[in-house]
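Per-chain numbering from 1; labels A, B, C, D and E assigned in written order.
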Amino acid sequence: MQILEKSKLDDFLQMLAKHQPVIVPTDVDGLSQYAPYQAQMTLLLDGKPTVSPKGIFLPQTEAIYRFKAQGKNLLIAEMENQQTPQVLFFVRHCDVQGIVCLDKVFMSPEYTDQQYAKKREITTIFALRCNGSKESCFCTSMGVDPEKANPAAADVEVYDLGDQFAFEALNERGEKVLSQAAELLSNQDNVILPPVPERKLQLKTEGLPEKLSTTFDAPIWNDFMFKCLGCGTCTYLCPTCHCFDINNKLRGEDGLKLRTWDSCMFDEYTLMAGGHQPRTGKKERIRNRFLHKLQYFYEKHQMFLCVGCGRCLTKCPMNIDISKFVQQVMKEESR
Amino acid sequence: MTKATAQDVLRINCLTPTVGVITAIREESSDVKTFRISSLDGLKPFTPNPGQLGMLSLPAIGEAMFSITAQEENSIDMAIKATGHLTDALHQLEEGQQVGVRGPYGNGFPLEYCQGKDMLFIAGGIGLAPVRSMIDYCVKYRENFGTLTVIYGARSKEDLCFKEDLFEHWPQVKNMNVYVTIDRPQEDWKGHVGFVPDYIKELAPTPKVAIICGPPVMIKFSLPALSALGFSDQDIITTLEMRMKCGVGKCGRCNIGSCYVCLDGPVFTQEQLKKLPAEY
Amino acid sequence: MNQEAIQTKMRQRAKELLNSGAVTMVLGWEAGTFWYQSTPILIRQAEDADKLVWNDFCQNNLSKYLLDFRFTNEKIALFLKGCDSRAFNRLLQDKQIEREKTYIIGIPCEGMKDHRLAQSKNEGDDLPLAKICQSCRYPNPVIYDELLTEEVTPRQKIVDFSDVEAIEQMSADERYEFWQKEHTKCIRCYACRNVCPACNCRKCIFDQATSGWNSKDVNASENQFYAMTRAIHIAGRCIECGQCEYVCPANIPIMLMNKKLIKDIDLLFGDYDAGLSIEGQPPLGHFEKDDPEEFM
Amino acid sequence: MSDHTEQIKTAENGFEPKILVFACNWCTYAGADLAGLSRLEYPPNVRVLRVPCSCRVNPQFVIRAFQRGIDGVLVAGCHPGDCHYTTGNYYTRRRFLLTKRLLDFVGIDSERFHVRWISGAEGPKFQEVVTDITAAIKAIGPNQKLCDYFPTETLLPNEGGDNQ
Amino acid sequence: MKRVGVFICHCGTNIAASVDCAQVAENLKGYPNVVFSTDYKYMCSEPGQEMIKETIKREKLDRVVVASCSPRMHEPTFRRCIADAGLNPYLLEMANIREQCSWVHPHDMERATAKATDLVKMAVAKVSHDAPLAKSFSPVTKRALVVGGGIAGIQTAIDIANNGYQVDILEKQPSIGGKMAQIDKTFPTLDCSACILTPKMVEASSHPNINLITYAELEKVEGYVGNFDVTIRRKARSVDLNKCTGCGTCWGKCPTKVDSEFELGMTKRKAIFTPFPQAIPNKPVIDREHCLKFKTGKCGLCQKICPTGAIDYTQEDELVTTRYGAIVMATGYELFDHSVYGEYGYGKYPDVITGLHFERLINASGPTMGKIKRPSDHTEPKNVVFIKCVGSRDETKGKAYCSRTCCMYTAKQATLVREKIKDSNVYVFYMDVRTPGKGYEEFYNRTTETYGAHYIRGRVSKITQDGDKLRVRGEDTLLGRPVEIEADMVVLATAMVANADAAKIAQLVGFSYDKDDFYTESHPKLAPVETHTAGVFLAGACQGPKDIPDSVAQAGAAAVKVCALLSKDMLETEPITSEVDTKTCAGCGHCVDVCPYHAISLTTIEERLLGQTITRSVANVNTSLCQGCGACTVTCRSSSINLRHFTNEQILAEVDALCQTIQNK
């Protein structure tokens, strides 16, 4: 492992930033998020930012292609993808898992989304192991390993040793980035890692997808649906929610085709041109969202589409709590 | 930058269409038109299987998924009903208009399963559009299938689609029977009058593979009729419609349970549908 | 009356109302996941009434849930704080709910605590009042069928516009900079709109794909268009509950813009507090021939 | 007008602002026509958008115009009391008293948005108002605020030739 | 995709001299939806119009933009032109490149051309969203209602009736006649008021097309121009008009005496009474407030003695709804309550009276049989003081406006005093003397010169009682010195004000009124008898103070307007009106409140929702009333109410089109 004195963190990031853009968790105008690193920036090293890192790979608004419609003519041209590499720093294991989930969707064997894939390709991810646990964290219940970041997405694992960080490259790409600041790092074997504390919130999730497959018409949904506002807070802050809409930005004959985040909590999401609405109300929408996370996705990919980051637990204005839902489902023989 | 053509098989992004051109527009009924689309170099934009879907776009207005009704050597056909913002705009187009196309998407009809079997096609209104691709296939490879029966209904004479096929081409095909009905009596209509589910009961076809597509109320009453006639759930095949944006199983909105209609559908057997939540 | 006593009475009244058949449901609050959260609850069975709580975090305005029951004929009892009751009047004035279908149990409110700050504190720590509650002028319900306790003394008599004035003091460029930063943060989750009792359209223009108003392009300009449009839409109708700011995941000071409009309305058209009564018309729903003239 | 003359001299940067005028059909539009009939010259920077009454102008139109990069907006209608529809401009007045202050609050320069009452007889006033507004906006330069720019680098070349 | 044709007019050199028209036409080629673009010397000329028509057919155009002069000039021309070619006339937009471009930018062709291009692009953007519109028609009920039976109402009704239309006069009092019936003589001719009014009253009552509804009030008005459903409350008269012959036996025997309203309390009437001898209908009514039968249950004398058995104590108020095509408001005025002028001592000093009192005093059939007598001691006054502008032209205590009639009736009354009491002295305190009428100035001159009335310019500051005299103190501002006059009687020329219930009635019928509650005409110059509510017209002093000739003239004007309306079988309505998208309308009703024409109302619709039938409220536009201002569109937060031909989408498209060239600065 390679050791960095915490006092040298700024030097380290600056050195990396000479080679490529570096993205770090920080507070921007009162909202914590991942943002381009600038010298002397205050990093958010305790907990995770409110806004998950998914936007690095799946921006809230992204142009897919451009076009010009003149008379009967149509021109379509791809957008140029970003080619220059970048480094994404201090991604918690839950959010790393979230990126793995997105990979399953956007880099599926049938159709690979090249824009997404390109961003994944050029981004080296530094995971950061948690030494603590917030009251809303339940990542371990959702199949996240608190010891080891999912190597399918993480390139470097970072351990917080108090006064130092220990870096462990998980692959060549990680090694390469670390080598850019080799002079600030010292090699050390037998690093004693601080113990990972138990997660405060632990849920039983064994057999959850199977159990859920019988709850579709269960009354439990009524308790949860009633208070939903139908806003997009949960989906937009969620590190795994990836639904999108395709829209235009038009200026006369010129246009951009945009991919924008969408939320399954919105009424318009499934509304069809003729007015048919397959998911009629809050109940149907919440049910679809929870089942997508905990059953449907699991059936396809054998992993939950929830990583237990707890953002929705604290940020949902009405405190609709997916962990409570899991607990209730597991507790009761489908009411 | 060059114009995209049919050769652009490996595109950068699965969401980007290629430019195609509308080479012919045919009015099917009062609110349905069939658009024939070729690539800019005069070739077929892509080669779909019967029942598969294609994305058609007027980029400045929108993009939507339509079933591919037919295909020729160098073109595909889409029959489109004017129901909203995009389809209304499509209906105002003229030949020569360039459009965005991408596809094919979805599973299509189970061709192998149907091989050698007697086929029953049931459709109502614009529902004949997806079914027609399969009928065409059966007619083209006539020897691979048993008897072919079409039961088709529309609100009125004016709402009947593909009239040439219904009244001229298909009746001449060997071992093929076409039954057409309209909902209410009309002057100078000599054919059958009544709703499709009732017509099914009246005709009482023997169990075979049934492909059914039409308005929800028609499906709702036809399914029990077919079951009563002894059709098995496995042999009742239908195609579903959902709001779709990406067509490639990513944007999320067309799921029914863990199935995405764009990927795992639009063709489902009744057996499959019974296992899925009824959210469609 | 202390919180616990209020809570006891809440539960008791809920039970009585349900048992007597006077209402078929009761809207209240129950304990949330964490100590600094309460969450709305809908109670249909008297035995569930003991889930009701009254504490420092019963922020959620329950009035707007009535919209979900517009098309039922059931009678609903609900607990309303001062601000919530103004929201109730807002909905009445906008003809979205029916007074007869509701039974209002008013709770004179001492103010809620700052739930954001609470997340970095421990249970039992001293907490300041939520920002909106610090300047509350109407802690007592303005419409109710019964009051749970005796009325409390308002914390403020006049609106505190110091935050608005601070922005007004800035130069135009500074003001622009300020709002750009705030609106860059907006993720357009629409929580502010969905929680707002003045935002009670059947279909918001930002949900109408083909209206020409809506753009899902999330950038500072579009976000600002959304924010300003919403501010104009609720101008003269905002009942100052501060729910928009309370639910905003991006911590945008939404009330600042609303208060600016309240301030200007007071100045230009005379003092007006929306939702105090359903009489009369909101300031933008009528005019005076001698309205001030700042144009030529 | 004279206030701005000096500024204009210093702002000889070749910048020609584009200014949108929402004009009510009965007064201001007629006033603008009268300016034409009287051959009253004014800078060609203004474009009139005809509406039946100034009360038809939604404040959102104004914000949208700024989003699209307009340099200035004028909403103009009949004088209070003279509205063809009796009361329309009284609503206009209330709405835009607030809108102007809100635009100011979010940092739009106050020179960029105006409301004026211009009657059908006030051709000279129309001339004077648009001349003054143009000069003032010229002096402060192009509007950069609220604009939602379309990325120029993505523009595709004009096809030409085979349209139609 | 639309097929828009663009036609750029040179207007000779009017446009072409400063706008490069060919260039503009060229600039529009290939613009979205434009399939044809050309320029021509005179678009409005016969060949120009022919070219447009031919091009529409040849190019299969579905919309047209003409860039030329102001649409205020030639929009009807080009609408007709494209309609001739088979297009809906509302699929036309005009770009004003003459009045608003070439004529005002004669020295900068480059920028004028650029501006013209923008204007045409905006028009193309708008026309692309234009929808075909059709005028609609609604039937007209050929019956008019005149509210108020004073001289204005009577004249209106007679004029309408003489044109062959049915008309009802609705009068609140038991008799028609109004204020004019109380007046003695009219200025400037001094002919007897009753002598010229009574024949009109008789004519109205006997006219086959006129139906009198007296002792009745407006209850409710619904509907709209051509079809107003008016509910009238016929107050219980307690006398069966069909049986009563007006013989007068009943009021002769009635034991109860009440102050006569008509004589302003100077004599008594009975509890069963006609207001004045020439009343029409000349049939009595029972004043239930004072009638012993109704107060105590005893008496019933009138019923006993009535030879025809017409007295019916059980009568109740009756609500009758009738449909009218037009309504004329002729509700008249009241006199200002001058008790606010405490210094004039009205009510305190019996010999301080108003002008109307004076009219009764001097009237031959009045309480004094035409002899001028002081109310206090019934002696003939020698020194009479008139005070003008009591309540008029006084913003602090009264009304800001001039009541228009006081100068003249005061001059008339001064003349009459001097005529009847030869040794009298008459003093008139005035602010100004306003005599704008035919023969008015001459009359005034006679008053001062021939009749020797003393006109004193100044306000009276105080009146005090001094024995049987009134001491009037004031200032002669012309001489700049105080004056004091010992008077026997003081006559106040009180202001004409709107009726106390004027505003209430206006709200009920649904039209606007001003801050003094006078009814607002649609346009002060060009539509002085119309209101903003189509089908509702104004006559007489309810619109503002006026004298008899003006009231009668206005009555005639209103009648003509009514007849013009009633002469149509169908009303054509302009299709540029608001429309509601009920799918998104939440029924909040904010649009209802701002509509100046009361064209929007809330209505209930039924709808299927999740398998249930629900009802909900939505806005509904009466397109016959909507004038297309668009005030409602801005109140609607969800854009559920939109103005046809000026939709949100159209205006946004114009904004977009305009800004397109500046987006990339």
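Simple rule for what comes next: a contact is a pair of C-beta atoms (placed from the backbone, for glycine too) under 8 Å apart; a residue touches a chain by one contact, two chains touch by 3 or more.
What you see is a predicted model; the values in this text were computed from it and never measured.
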Least hop count linking subunit D to subunit E through chains in contact: 1
Labels of chains that are neighbours to subunit A and to subunit D: C, E
Remotest chain, subunit C as reference, centres from CA atoms: B
Longest centre-to-centre distance from subunit A, chain (CA-based): E
For subunit A paired with subunit C, centre-to-centre distance based on mean C-alpha positions, whole Å: 31
Inter-centroid spacing, subunit B versus subunit A (mean Cα positions, whole Å): 38
CA centroid of subunit A to CA centroid of subunit E, Å: 69
Cα-centroid distance, subunit C relative to subunit E, in whole angstrom: 45
Touching two or more other chains - residue numbers and ranges from subunit D: 59, 64, 87, 91, 95, 150, 155-157, 163-164
Junction residues of subunit C - those touching two or more other chains: 209, 213, 217, 219, 284, 289
Contacts with two or more other chains, residues of subunit A listed in rising order: 67, 69-73, 75, 77, 245, 249-251, 262
Subunit E contact footprint on subunit A (complex, rising order): 69-72, 250-253, 280-281
Residue ranges of subunit A touching subunit B (in the complex, touch as defined): 64-65, 67, 69, 72-78, 81, 105-106, 108, 110-115, 216, 242-246, 248, 250, 255, 257, 259, 262, 264, 269-274, 278-279, 284, 288, 291-292, 295-297, 299-300
Footprint of subunit E on subunit B - complex, ascending: 89, 92-94, 97
Subunit E residues within the subunit C interface of the complex: 515, 583-590, 593-594, 602, 609, 612, 614, 616-617, 635, 637-640, 648-649, 652-653
Of subunit E, residues touching subunit A in the complex: 1, 30, 32, 35, 610, 656-657, 660, 663
